[in-house]
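Next come two complexes, and both contain subunit A; in the first it sits with subunit B, in the second with subunit C.
On to the complex of A and B.
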């Protein structure tokens, strides 16, 4: 007699995550087999996945997701986790080879939601495309986690000849952004605050591997960054210090959707300080700027690309913003939490 | 959104700036104080000083409730939370302001004090209802803008018999601060008056001051074009030799203000004989406390806590900055020892504070 499955009954998806799902026993094996592997079909057997040999430098990165809410217009925790890691690889010019997913699940999480998450992880990885080759699951007691914590690590290969470094930035270089800024952060902020127009806002969560490939096919890209947490403000300030330079940005050239701008005004939050999950900032050589802008705009993920400023020679590494009124001000890192005004 | 962008048009701003330039005689240098910290913030955020002629100098005023609150008042709040076992509810702005002995509300919280950041007194009242076995104190700060909401919470607590709620009352009054600025010997030619305060008080509040001090006061909104227009109105008054109260912010402010809010304040509060301000010193009739019929909601009386004046950090120039005597960059520790991450004085902590606004938006103007 041969058994079709080591499990006497199929996993009951109307149930919830329980402690024994992480205990290393039969329940965990069943969760992995019938829920995760059903969707994440590239996960290999054995304690570690093996990858084929590659030529070129390897790039490796890891990214944890604790987003709340987990489901939002334009994406979800699964797509965010995959694209976050994939885009970090892409910003070094790397083509993603493989990803791993670790999950910390809180007791009581509905299995149906967990399955939706597995589906999203699988679909997001397939869209890149990149295989998810290994995974891990732990379960914590109720109250000791926020539903799901997700961590995605990735490895990629950087083609020979591709070097993207902040140290390559020179005064006079131009700053290119691939599209509208603040969409993701303002969507989540508005959802959390229960603003009525949340329906008009949508996260920009998307992989940028193909857009990066188009840009790198043209010479002149010095450095790439994805302006995630802290938004454009944090990214450009980091670049100013890493590249030992300053920046002068033109506020009127920075693309921001009117609904994002409006939500920012209502919430008292600057769209330039909130996260993007599908945009890049490129520092480009001055003579290549117009050509790269044309290439970016010809790509569906760069339709709203814009040149928003220049690199300056500034020993104090200030990021200055020419305001819509014609004055200048500093664009600084966000200081702590945004607080309600009192007068 | 158009409603906002209309108040930020670059071409209109340039037209207004040109009109300001034309209105100021070539041989004059006028110092105009914007009273309110919210105005200071807008001026720095939009880079308005870049648009003004050098003959118009903006001086930043004391209109930041966090900045003018002396250390001794913060010590009272920390004492309530740390040694009286009260739940202390505070606006977020106060949390990181340095108090005595290198403490702050934040460090007191880390040492076990139950300190909660709230959006306003109603939220504190909600906590008092939810936790009737605990004493809940709302750390009330602010000018006339926030005083009515505190008054409303106290009245509601009295009407619904909430016995475990009280307020540590630090509401202060604008006219006293304006008068103190001029008496302190700072040369100011005209004032941009506070917009949010005036929604409550009306522009009438400033009429005695303008007449007595013979200085123009123009109440302004918070968008950049509001401010440029208000500055134009001030310089035109100065050019004409007028000293009137004018209202640039007519879309929100009237001459008489909000009568309901004023009546509520009159019922719940009474004038303190005197109040100690950071920078401006001890001034009579410059702050509010609870009227006797609401005395049981006054945390100072309820917990019998006294006030002890505490000197500012000796390197900190906040006291001179709130009086308009110094600019943030004149302070020895500005941007070096005192930054938003490591604040020494209140002006660097509060989002309404001059130092925070300069640090966030304007420090590129300083020589390296």
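On to the complex of A and C.
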């Protein structure tokens, strides 16, 4: 007699996550086998996953996702978690090799929603493409979590010759953004506030590995960052400190969708301070700027790319914004963000 | 004029975690700079961390920690999270290269406790040793979390020639455990239940990289697992399915501390079904078993090692236990665990 499976009957997907699903016993093994593995087919057995041989410099990163709500126009917690980590690797110029997913589930989460999340994780990883090779699942009591929190970690390999460091930034360098800013953050905020035009807003959540590869095929990129939490304002201020420089940005050159702008006006939120999940900021050498802009615009993920400013020699590390009216103001980073759990 | 830091005054450690600490702005940057980086000195700036060149097969894994309480005899959430991931890598024979730490913090967590946790993470990583190179911090509203949840991911390199796979298990192989079983789980359960002898119990939380290196220097190890959640019972049952075999274990040969045994009797919990956090199970070739036992016992982390049973040819994949009374019973894995959040 040969048993085909250690489980006497199939997992009932109309049920909910229970504490015993996190206990390391038969119920957890069944959840992994019949829900996660069904979609995340690259997850390996055993304590750690084994990857094929590789040679070179590795990039590693991790990103937690606590976004609320978990489902929104243009993405969901699964795509956000995958793309967040993949884009962190891409900002180093790394080719993603593998991802891991760790989940903290709250007792009572419907298994059907968990399955939708597993599907989204699988589809988002396949779109990069990168395999999800290992995972971990823990369950906490009702009222001690909020449905699900995800952490995605990633490892990638950086091609020889690629170096992207803030220390390479020089006064006179140009600032390129790959597209419109504020889409993700303003979509989430409009959704939470119940604004009517939420239907016209959509998260920009997407992987940027291919766009980065196109840019790096041209020389002149000093440094890449993805302006997630805190938006462009936080990213450029961090770069000013990391690169020991300042910035002068041109407000009229910064691409922002009219609906994002309108939502920002209504909500009293500056689109430059909210998260993007599928855009990059590139600091580029002055003589390469126009060429890189052309390359970015030729890529489907860089159609709205723009050169938005220059690096200045500023020991105060200020980020200045030349406004539409011709004046100049400081673009500071905020203490925090207006609304929590944007990603 | 040169500013030394972008923060106008230092972080007040008598405060608590606030939502703005997760917002991607100045407050988050300050939390990272003045609390995390103070202890976790290998964390790099930028989106992903860069590692030195490496060549070989990589092992990757992730482990979430939701343990309650966070502080217990023999360890804490920080050491548990680090060692959980490091040991998963070690079970593949991998030398750990780098770790990442992702945190979901609940609004209201005292910053002093968060700093203690950062200290524990740093000390535990240094003890391996392995650098923590990247991190992520998210904050959720009061009542939507439980203080802190950690996810630690790790990447390691597997030395050439090392293969540890359940598929290598053969009938007649022997089962070696590196020490006493049930210590971690029974410590947590006794602590939660307020049992008086909790002081005599202590988690076995420790990294096993060095012990594994000693064992792998001798040939004959087929496969390694660490019996965490679900304990020895879950691990051996999983191996029976993964290795398409059965097991016959000798109850009298399984090392269990008298206090762990006594706590188990009082709580009505079998020490073989609770988590260990610093022990391994090795399936070894019959002719190497005695040699490997000697090597394990010569190592400080393997002093109580024992050979506890043999692999059987069993198409039902049963794990049988020869009891003290001379009978035989099935050692099943439980549906879940008796108490949640053991790790």
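Note that the second predicted complex is superposed on the first by the 335 of 343 C-alpha atoms of A that agree within 3 Å, B and C clash if a C-alpha of one lies under 4 Å from a C-alpha of the other, contacts with A are read in each partner's own complex, and residues count from 1 in each chain.
Keep in mind that, in the parts below, a contact is a pair of C-beta atoms (placed from the backbone, for glycine too) under 8 Å apart; a residue touches a chain by one contact, two chains touch by 3 or more.
Because the structure is predicted, anything quoted here is derived from the model rather than measured.
Once the two complexes are overlaid on the shared chain, A:258 sits against subunit B while remaining clear of subunit C. Contacts of A:155 after superposition on the shared chain: subunit C is touched, whereas subunit B is not.
Looking at the shared chain after the overlay, A:327 reaches subunit B, while subunit C stays out of its contact range. With both structures placed on the common chain, the touch criterion links A:69 to neither subunit B nor subunit C.
In the superposed model, more residues of subunit A are touched by C than by the other of subunit B and subunit C. Of the two partner chains placed by superposition, A:129 touches none, neither subunit B nor subunit C. Applying the stated contact rule after C-alpha superposition, one finds that A:171 touches neither subunit B nor subunit C.
Of the two partner chains placed by the overlay, subunit B and subunit C both lie in contact with A:315. Shared contact residues on subunit A (touching subunit B in one structure, subunit C in the other): 315-316, 332, 335-337, 340-341, 343. Within the complex, the subunit A residues that touch subunit B are 252, 258-259, 261-262, 265, 315-316, 318, 320, 322-330, 332, 335-337, 339-343. If you check the complex, the residues on subunit B that touch subunit A are 1, 4, 8, 10, 13-14, 36-38, 44-51, 63-66, 91-93, 96, 117, 119, 141-143, 145-146, 194, 196-197, 224, 340-341, 351-352, 356, 359-364, 368.
For subunit C in complex with subunit A, the residues that touch the partner chain are 1-3, 6, 18-29, 45-66, 87-89, 91-92, 94, 97-98, 100-104, 133-141, 143-146, 149, 151, 153-156, 158, 165-166, 224-226, 228-231, 234, 237-238, 241-242, 273, 275, 315-317, 332-337, 340-341, 343.
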